[in-house]
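The letters A, B, C and D name the chains in turn, as written, and every chain counts its residues from 1.
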Amino acid sequence: MKEYCGIFGIYNNPNAAYYTYLGLYALQHRGQESAGIAVTDGNRIDYHRDFGLVFSVFNSERLNSLTGHVAIGHNRYSTSGASDSPDNVQPIVVSYKLGQMAIAHNGNLVNAWELREKLEDEGSIFRGTTDSEVIVHLIVKSKKRRFLERLMDALSKLKGAYSLLVMTNKKLIAIRDPWGFRPLCMGELDGSPVFASETCAFDLIGAKYIRDVEPGEVVLIENGEMKSYRIPAFESAKRSQCIFEFVYFARPDSKIFGRSVYEVRKAFGRKLAKEHPVDADVVIPVPDSGVVPSLGYSQESGIPFELGLIRNHYVGRTFIKPQQKMRDIGVKVKLNPVPELLKGKRVVVIDDSIVRGTTSRKIVRMIREAGAKEVHMRISSPPTKWPCYFGIDTPTKDQLIASTHSVDEICRYIEADSLGYLSIEGMIEAAGGSWEDYCTACFDGNYPVDIPETVVRQAKKE
Amino acid sequence: MKEYCGIFGIYNNPNAAYYTYLGLYALQHRGQESAGIAVTDGNRIDYHRDFGLVFSVFNSERLNSLTGHVAIGHNRYSTSGASDSPDNVQPIVVSYKLGQMAIAHNGNLVNAWELREKLEDEGSIFRGTTDSEVIVHLIVKSKKRRFLERLMDALSKLKGAYSLLVMTNKKLIAIRDPWGFRPLCMGELDGSPVFASETCAFDLIGAKYIRDVEPGEVVLIENGEMKSYRIPAFESAKRSQCIFEFVYFARPDSKIFGRSVYEVRKAFGRKLAKEHPVDADVVIPVPDSGVVPSLGYSQESGIPFELGLIRNHYVGRTFIKPQQKMRDIGVKVKLNPVPELLKGKRVVVIDDSIVRGTTSRKIVRMIREAGAKEVHMRISSPPTKWPCYFGIDTPTKDQLIASTHSVDEICRYIEADSLGYLSIEGMIEAAGGSWEDYCTACFDGNYPVDIPETVVRQAKKE
Amino acid sequence: MKEYCGIFGIYNNPNAAYYTYLGLYALQHRGQESAGIAVTDGNRIDYHRDFGLVFSVFNSERLNSLTGHVAIGHNRYSTSGASDSPDNVQPIVVSYKLGQMAIAHNGNLVNAWELREKLEDEGSIFRGTTDSEVIVHLIVKSKKRRFLERLMDALSKLKGAYSLLVMTNKKLIAIRDPWGFRPLCMGELDGSPVFASETCAFDLIGAKYIRDVEPGEVVLIENGEMKSYRIPAFESAKRSQCIFEFVYFARPDSKIFGRSVYEVRKAFGRKLAKEHPVDADVVIPVPDSGVVPSLGYSQESGIPFELGLIRNHYVGRTFIKPQQKMRDIGVKVKLNPVPELLKGKRVVVIDDSIVRGTTSRKIVRMIREAGAKEVHMRISSPPTKWPCYFGIDTPTKDQLIASTHSVDEICRYIEADSLGYLSIEGMIEAAGGSWEDYCTACFDGNYPVDIPETVVRQAKKE
Amino acid sequence: MKEYCGIFGIYNNPNAAYYTYLGLYALQHRGQESAGIAVTDGNRIDYHRDFGLVFSVFNSERLNSLTGHVAIGHNRYSTSGASDSPDNVQPIVVSYKLGQMAIAHNGNLVNAWELREKLEDEGSIFRGTTDSEVIVHLIVKSKKRRFLERLMDALSKLKGAYSLLVMTNKKLIAIRDPWGFRPLCMGELDGSPVFASETCAFDLIGAKYIRDVEPGEVVLIENGEMKSYRIPAFESAKRSQCIFEFVYFARPDSKIFGRSVYEVRKAFGRKLAKEHPVDADVVIPVPDSGVVPSLGYSQESGIPFELGLIRNHYVGRTFIKPQQKMRDIGVKVKLNPVPELLKGKRVVVIDDSIVRGTTSRKIVRMIREAGAKEVHMRISSPPTKWPCYFGIDTPTKDQLIASTHSVDEICRYIEADSLGYLSIEGMIEAAGGSWEDYCTACFDGNYPVDIPETVVRQAKKE
């Protein structure tokens, strides 16, 4: 049910499908389970989508067959272990009374189940299980006549996170939910409007970043003209941009929510060094997300930075687990220490967050076994205590170690010599913003949208 | 024809195939074109091999079907653009008079063509085009009676680079050529002897590193006993370990030729900082091979280190190139700058080597376009002037820019403000050795083995 | 759009999926494009379906994963050249308000477009383009509460041909349209009710034929009880069983519409011999459909029967056509004459029908080139003059040679010495029935259901 | 080890590969396991081959890529249950000292193991396990200088059955062993020489049959010239054409050994009627091989012929067997009776041979269950008592029911009312020849070539 994804769209470009392919390529880190592109030549929508990484889903032949001047694309995130249906692969493309429509969605609705039940009561048949299909049915079922009215009618019913690209034979529409949970950037390539979850997609194709699509904004392009509308009925929604995008998800070379991810992430490290200094010989990151905050920590503290843990970049999703009787391979499949850097040293190791604590414990042990004298764990975000219902794949409350344990207890559990988390205040300050800008629900439980009981229960069962 | 590969072997372990799988996994960086495992239960040799990465070639079912206590494995490197035959995928497994034999080979023979011609004259039929098959035919054709005699007979005819694992129904043999071009390490896991190109394979499976297989050594294990022999007829061969393994190929967390790759590589950076200092604001690496020398350069020079170029780790081999009329994507598919780090800065950028110069030029331009005031390129190895005939995939002499241009000319070509290469002396010193230890032919043309004219010509045609 | 298919269903049998597999196997001649099986264990419906023959769509693993006691299956016919969508492969399986439902449909509705348009107006989203999906949406959209009421509501809106198997988690329902266009037989296997398009499916699994599902009958099985209902609102529908099933489509070892196909088909040949006798030396069939009428013709006339044309049974759908400049391979890919049987002979050649006349001409020429002195063509059905809208894949009127040419003209066109068709009266008499029993619209244009103009136009465009 | 196959070759035709494809298509009945085509343009040999039927192994793209003017092709027969290696798929193509060579072989050598052992002693490495590879190694290992001399050298060592097509970059050679076990026909297409196992391949492509390649003849075509040679050292070999080709294997529309298969097969039926008359109501064949002799029996006896058993032509090799606990499907997967033809009748059922008797028993039972009053089995060949070592896939002696049981005992075993076999004399007379022409070893044990003990033992183990 988690819909953590990357989306890309382009209007009026002869190489629409190819640029979308590139865009998805750059956004691959936001979703590795499936990829898809829908394209229109003004008459009909064609598409290709499948499970797999962008470069395995598409080949030259497939891409060349997607002719048209407008395209949208989607990368989908894989929730661990879910054996998923092809009907959940996006973009969703449907034929209905007004013609064809394609949609690519990043985010998670909190009232999807409620809406779905109502639609099924009225005779709608759903193909898959994604939130996104609810949006499509709402548009198709709307009693309004014109497309924009139908769309607005549908959006006014949605609660939760959605950065959305919608395409008809003639239109491209970019939408960001009233809270602005997920990023959505607008750019321009040789006069063609482009949209992407992160600006790294613009960099690859050589497009210029213009501005973010605003929370609650509907940008509609048709006949070469761009117009901006507001989603009705949510005027008072509080801006709630996901600060976890900075902590972990976004690429460091991207700009989101108007800021450089690299700079924010490094500022997290600097702030962390101030809040939790330690007398040590070397700062090492848990790669890759710990690298940039480690640089910040190192520069602020003056402790030298080294790549003490080397990551195997060929790790695949289909790694075959060892049999019960063999010794645990653990995190070694991904990480291997460089003993020469660690032997006899007092080591600061920096990670972006701790979820269950088991991985952190393995890492601390691994560093110690490589000869470290002391191991000090520093985390570049506050303790994660609450599940996210807006698209980040966090486990339920009872599985989040910080939700049930104090920092001291966690420190003992992971067998570190000391443990320090960045404070919420420090994080927001480092992100250069105010409490008014960000959703920090996973740290403090202040959900900007009411979470229905059914959703909480559903999340527990998964 | 280039045979740059990773090999792994294990003797007398109930999970032989699975540990070999893990070993190849850890050695994936040495070869991504194909993978294979051969295993014996003492009666017959079974195997599976195919094109692709280790994790896509093997699944649980395949791996479980490879039952036996002795196994060898092989990862094969892909020479750019070669459309290759399945008959070249290793391990090579053959049936002949004495039974079955499997062989996994890392390296490149310089007299393979000559030997092959002679074998064909005598009626041998070759399946593929690899050097490795020559070794097999020499063993099968030998007039000697016992296997070890046949093997020695064959080895005494080989010139060039070969780290070799040979398996029969009863034996496992590890061999390193008399010059010791390629690494081959020996370890131990719960009493089982293991062999691998690099120690990172031992780390993953929890094996202990014992020592390197010596240049010219034949380690034979049979009936649980290990014996060591010397390859006859090459007593005077000069030790010629490939120093380029330190520069680029080996994983930083490995130990090869008795030294930590990370430490040697960082020492290259430190030495480079001493040989070619520059007044600058930031040191950035070309990832990934430039990262460790950059840390050395930064620490030696005091100039701060930043990840100014972010690498896309999802780049696949099947990336679809843009059409002619579109703007060049260039290195941006792999690398994206972080403008906030570079704007208005004097930048030192560090790469491991320059081959043709075109990529370096693109990188310099990319950094400048991101706002850098000055761009100083530093290379953590000497100018590459001569092709390698021992397994590294270098182009011919006329395509190596350093072979036909002075450092000043290269600097102008790549449009850098300054350019500095590590000296050969500096490199050897940083590698902690002497001229007696390493092959530096790619830098100075001193080939430790005579290269036949046919091989030189053949290389040019490819 | 043509939905010529084979269907099979079984209730309350531990090997439901496997017997359905066998049933589809026996019905393979009714559809070679795709195959599918849906099965329920009382809680949920699982299914597998794909393009291809039954034995290539299913393997042991797939079949074993389809656990449950009730199953339905479907073979789909391929209309020539149609590149079809996976969304048209049956059984159709949907989730809706009341749970899951699967449906397998043989036949063609004449008011499908009209119904579909109305459903889309009300917000229904269709996946594919088959008639069958209309039935599903009608059931889901019905305002009735109980499933049977919803089903009856839907059926009362359908015009045209449908033999239908519907499955829910608890029920199996077999339905035949009020006209009885397509066959649907009921049998019994070890106490389990079974349904199949033809009895040859019963023979393979060892089931006993009980009776036909009656035109307009709805047989519902639930909780082990079987009940029979009538489709409302069509009491006056004229029985209109497709006589072409006897001529060509059904297997000769089947019983349909209560009669042995072999006997009816042979009676066609006997009657043909009486209506169109000829002085000749040998009777040969166009295999395979001409074989049984040829035996009838031979026995009635006393002219010896021989297999003068040998059929290549390995002909695949993917036969690669020769290039323009090569000589025409024509029907020789399928048929090869035995010259020794034909040289100097007066030959009667019997086929089931003539569509465009081009194949018949090639066959006459082939026989003559093999040395025949005279070639007399006899057809075991009347001239095909009208397109079928109830499921048989006939071309439009202007492409049917008998629609625009007299028998004499056809005879000249196909270059035969004489040509004789079975009369409609003769055919019906041989089929042992009366005008009240059969649809003969393809011969005389008397369509038992009004054909909307849009359908006629649509058929022309295809 | 059984090498029952179809081969085809063509010289000097611009559509060489396509005609070979057609030829293999027509010869598909001789081998369904694998197919392959090798083609040369005068410079190099290219090929494609794989498991599967001809039409699935080749598609347009594959075929078009096989450019050249000379081609040979091969269909391979599947011995029941053998899980085979890709290395056994033909044509075999090798590179050796003189260049490339391709070979397609139909037949079985009796001294293959002996020759192979000797070659392995001398250092040859075999890829697969086919006899055919021995021939290749003998040619490559020959000390002679010119190709024809090498070939003759190799052929002079072979004992057993081989119809052979050999291709080099410049030559096409057709060879039939000195005994002439397997057929090999020569034809002509627009001036291009063509060769095929049976003439049905000529009919499809429109080629003219010229003559058979003679037993012991080597037809070599080079530079547009055709020359004929004799295999040395076997002048006294007795002509021993496989009479079983007429009984079962060849297509009825083919001519082999100079005679029409249809006519010979029908003469078997006529002779059978004379040797074993019976008072009966209907003659029915076991399709397909029983059809033509049944027509002969019917015409000779005056008893009417009917297709009392209908064959399912969609039977695939991958049919999923029912589970233990289900009732036996038996021969019903392939055959279904037409009860209306059999009820209350005295039935003569005709098959080509009886191997183990189990299938015959099932057929007799099936006919009786369909209502027959009497079932008289007639076999259109003599009792099969001896295994074939020349290419027909027969089981070992102890599994051949006629080898251990009298005709009366077999009759009781298969539960027939009477059983009659064609006599050897009758068969030879019907085949229009004399004892001098045919190999009848499977009926009388008179093997024309001595069978080594090892071969007999090997056959038993398989």
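Following the convention adopted for this analysis, a residue touches a chain if its C-beta (ideal position, glycine included) is under 8 Å from a C-beta of that chain, and two chains touch if they have at least 3 such contacts.
Being a predicted model, the structure only gives us computed values, none of them experimental.
The minimum number of touch steps linking subunit A to subunit D comes to 2.
Contact with subunit A and subunit B alike is made by no chain in this entry.
At the far end from subunit C, in terms of centres built from Cα atoms, lies B. With each centre defined as the average position of its C-alpha atoms, the distance from subunit A to subunit C rounds to 52 Å.
With centres defined as mean CA coordinates, subunit D is found 36 Å away from subunit C.
Averaged C-alpha coordinates give centres for subunit B and subunit C that are 63 Å from one another. Every pair of chains meeting the contact definition is listed here: A-B, A-C, B-D, C-D.
The residues of subunit C lying in touch with subunit D in their complex are 15, 18, 21-22, 25-26, 28-29, 32, 53-56, 58-60, 63, 200, 203-206, 251-253, 260, 262-263, 288, 291-292, 295, 299, 304-307, 310, 312-316, 318-320, 322-323, 326-327, 329, 332-333, 336-341. Those residues of subunit B whose C-beta lies close enough to touch subunit D in the complex are 94-97, 120-127, 136-137, 140-142.
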